[in-house]
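The structures considered in this document are given below.
Next come two complexes, and both contain subunit A; in the first it sits with subunit B, in the second with subunit C.
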Partner chain A sequence: MLALEFPPINEILRWQDVFPSFNKVAAISVLAALIASVIFIIAGNADGSKAPRGIRNFAEAIVEFVENQIILPTMGSSGRGWTPFLLSLFSFIYLCNVPGIIPIIQMPATARMALPLFLSLLVWVVFIGVGFKHQGLGYLKNSLFPPGVPAPLYILVTPIEFISTFLVRPFSLTVRLFANMLAGHILLVTFALLTKELVQGDSVALIPVGILPFFMLVFLTAFEVLVAFLQAYIFTILAAVYIGGAAHPEH
Partner chain B sequence: MEAFSILAQLTDEGAKAAEAAGSAGFAYGLAAIGPGIGIGYLVGKSVEAMARQPEAAGMVRTTMFLGIAFTEALALIGFVVFILIGL
Partner chain C sequence: MLRAVVTYGSEGPQVLLTAEGGEEGYSEYTFADCAIIPDGESPGTKIESLEACDEGPSPIMPEAKEFFWGSGAFVVFALLMRFFLYPRLRRSMDARDASIREAHESAEAERDAARGEVSSYETALAEVRAEVAARIDAARSTVEQERTARLSEVNDAIAARRATASAEVDAAHGAARPQVGTAVATVASRAVELATGRAPDPNAVSRVVDELMNTGVSQ
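Up next, the complex of A and B:
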């Protein structure tokens, strides 16, 4: 029979410390920040008066994507000032997600709770700060007592609005990114283990069957390419929606 | 009779682990039903909208991803519960 033993969750997510409190996951996130900064610093130093080429071309394509696909549909053209913040969020999250499918590294840094939690708390602080900056104390009034609701209903609406705006938003941002990447990682581990178990197992008859989980593994890796991009996109677009909503109240 | 002897052999811990594994499966399975229906309906309607009005496709796509993100969160919370009690 198959001796299929799924490793405990700590074994697939926790790594040996390189030195105290610095392990592979931390190294991936530091690298992600470094790579993104280097790309944009080189692109920023290039001569802007000539036609863009090479790395600047690439960086401009990313900036244009963030402006046209994320900021303009959600915040309008007044949100262009948020491009640097949202661009760094997007590129950092994407570069943290992508190591999940790069051979040898094979670990998305966002599959640990700490990184998504920190990023969504950052977004939380930023959108509340923007709300107070643009609307003063009226921000609390606008978000907790939405206009156009009959007065007696505020008993119901206000607690719901409070929970959904100030408590659930950071939580759902965190869990969405974290659980997506963790689920992808566990799926890859499962099919990789199954392939190895079938091909290297005792029974010769089962070796051809091992091709099935292997195809699944290839397919899932391709799917993870999409998921890594999509989760970075969704995190950034939700941050843009929250910030845009705090800057301009609904009437 | 045999079943009883097997049951008796199960230690308390083993029974608890089996129960946890079972309920973890239920937790994720049940949590996946609603978002599954929701995302299917959402994407189907979005495709319909994009086919009817291709010039609005960009806007529909952005809104569709937002809707998917909100709907999917429920399934993902179920998945986190599955991890917490199952593994």
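Up next, the complex of A and C:
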């Protein structure tokens, strides 16, 4: 009989501290910021007058992706000023997601609650600040009392708008990123453990069966590459939508 | 006094010996068996069960150290990006875009200028071609006139020479005729004489020869 003991969920998230108060997730966060900084420093030092190649080409592709696929469709050309922030957000989240499939590291920093929570709170503070900056106190009025709605319906609409705009947005941003990355991490652990148990188990007959979860593991690893990019994109584009909506309520 | 706890798991029976009264007992577990060794504990320290291990982080609650390290890393990166990394990259991208745009515009201007030059060249070429065609037509017309005139002159000269030659031929023919008649009459008289043995009348022979020659010429 096959006895697969799946470790408790908190056990697959345990990491011995590298030094006090600095564990693997913290190390991944710092490395992500460091790698992104190095990429953009190298890109900035390259000769800009020639056709971009290598790392510079990669960095420019990211910049143009954020500008053309995230900022322009959601905020228009007036949103170009937000490029550094959204570029930081996208690069940082992506580089925190990707370690989930890198051998030895195999842990996305965003599969822990702390980082998505901080980034969501930051976006929350930013878009509310932008709303007050562009509309003053009218931001609250426009947010809670959408124009064109019959007055009696405000009894129903205003609480919904308050909850959806000021409470649910940071919560949904956090949970979406955190849950997707944690789910991917657990799936990879599951199929890796299943493959190991089948291949290294007592029964020789089960060894060929171990190929099936192994293929699933390979497929899910490739899928996690897509998920890592997609979650960074979704988080960033939603941040852009929230900021753009706060700056230009008519949109 | 020792107490033995026997458990039966997937790996067979396991025995855990513990001492009653809080004394250190016998156990097959140490902190080295834990996924994480609790702070202040050495890996070789024996523990009663794995429950003594660090339970690990909550899967949902954010950990302060991860929060502060993550937020610190992002804030530093975002500030670097805002004030140093992005402006530098953007400036060089804009400079390259501007140089490409300028090069494109100057290329457009040069192309327009080249098109103008090609147009003026084609106009000049058309004028030259028209002039060449006119000159060729004029030359061809002149040559044709000269050829006609020369041909006419040559034909006139040929006709004159032919008339002169014809007159000379007629004159020579007229001069040779009496001599030929006399010679023929002599030959004929001699032939008759040889055939008949007597000489014919010279006048009759002359008359017959004249008639025959006139008849032959007319025929």
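Criterion: the second predicted complex is superposed on the first by the 250 of 251 C-alpha atoms of A that agree within 3 Å, B and C clash if a C-alpha of one lies under 4 Å from a C-alpha of the other, contacts with A are read in each partner's own complex, and residues count from 1 in each chain.
Following the convention adopted for this analysis, a residue touches a chain if its C-beta (ideal position, glycine included) is under 8 Å from a C-beta of that chain, and two chains touch if they have at least 3 such contacts.
In this text the structure is predicted, and so the values were computed from the model without any measurement.
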(message) Contacts for A:Ile9 in the overlay, against subunit B (first) and subunit C (second): which applies, first, second, both or neither?
(response) both
(message) Which partner chains sit in contact with A:Phe58 here, subunit B, subunit C, both or neither? Use first/second/both/neither.
(response) neither
(request) Based on the superposed arrangement, let me know which partner A:Ser172 touches: subunit B (first), subunit C (second), both, or neither? (result) first
(message) Going by the contact rule set out at the top, does A:Phe118 touch subunit B (first), subunit C (second), both, or neither?
(response) second
(message) In the overlaid three-chain picture, which partner chain does A:Thr74 touch, first (subunit B) or second (subunit C), both, or neither?
(response) first
(request) Using the superposition described at the top, determine whether subunit B or subunit C touches more residues of subunit A. (result) C
(request) Using the superposition on chain A described above, determine whether A:Phe215 touches subunit B (first), subunit C (second), both, or neither. (result) neither
(request) Classify the contacts of A:Val241 with the two partner chains as first (subunit B alone), second (subunit C alone), both, or neither. (result) first
(message) After the superposition on A, what does A:Leu182 contact: first (subunit B), second (subunit C), both or neither?
(response) both
(request) Using the touch definition from the top, say if A:Ala43 reaches subunit B (first), subunit C (second), both or neither. (result) second
(request) Could you tell me which stretches of subunit A are touched by subunit B in one complex and by subunit C in the other? (result) 8-9, 182
(message) Show me the residue ranges of subunit C that touch subunit A in the complex, using the header's touch definition.
(response) 10, 35-37, 39, 54-67, 69-71, 73-74, 76-78, 80-82, 85-93, 95-96, 99
(message) If we count contacts the way the header does, which residues on subunit B are in touch with subunit A in the complex?
(response) 58-59, 62, 65-66, 68-70, 72-73, 76-77, 79-80, 83, 87
(request) Report the residues of subunit A in contact with subunit B in the complex, numbered from low to high. (result) 8-9, 69, 73-74, 172, 175-176, 178-180, 182-183, 230, 233-234, 237-238, 241
(message) Quick check on the complex: what are the subunit A residues that touch subunit C?
(response) 3, 5, 8-11, 13-16, 20-23, 25-26, 29-30, 32-34, 36-37, 40-41, 43-44, 48-49, 59-60, 63, 83-85, 87-89, 91-92, 96, 109, 112-115, 117-119, 122, 182
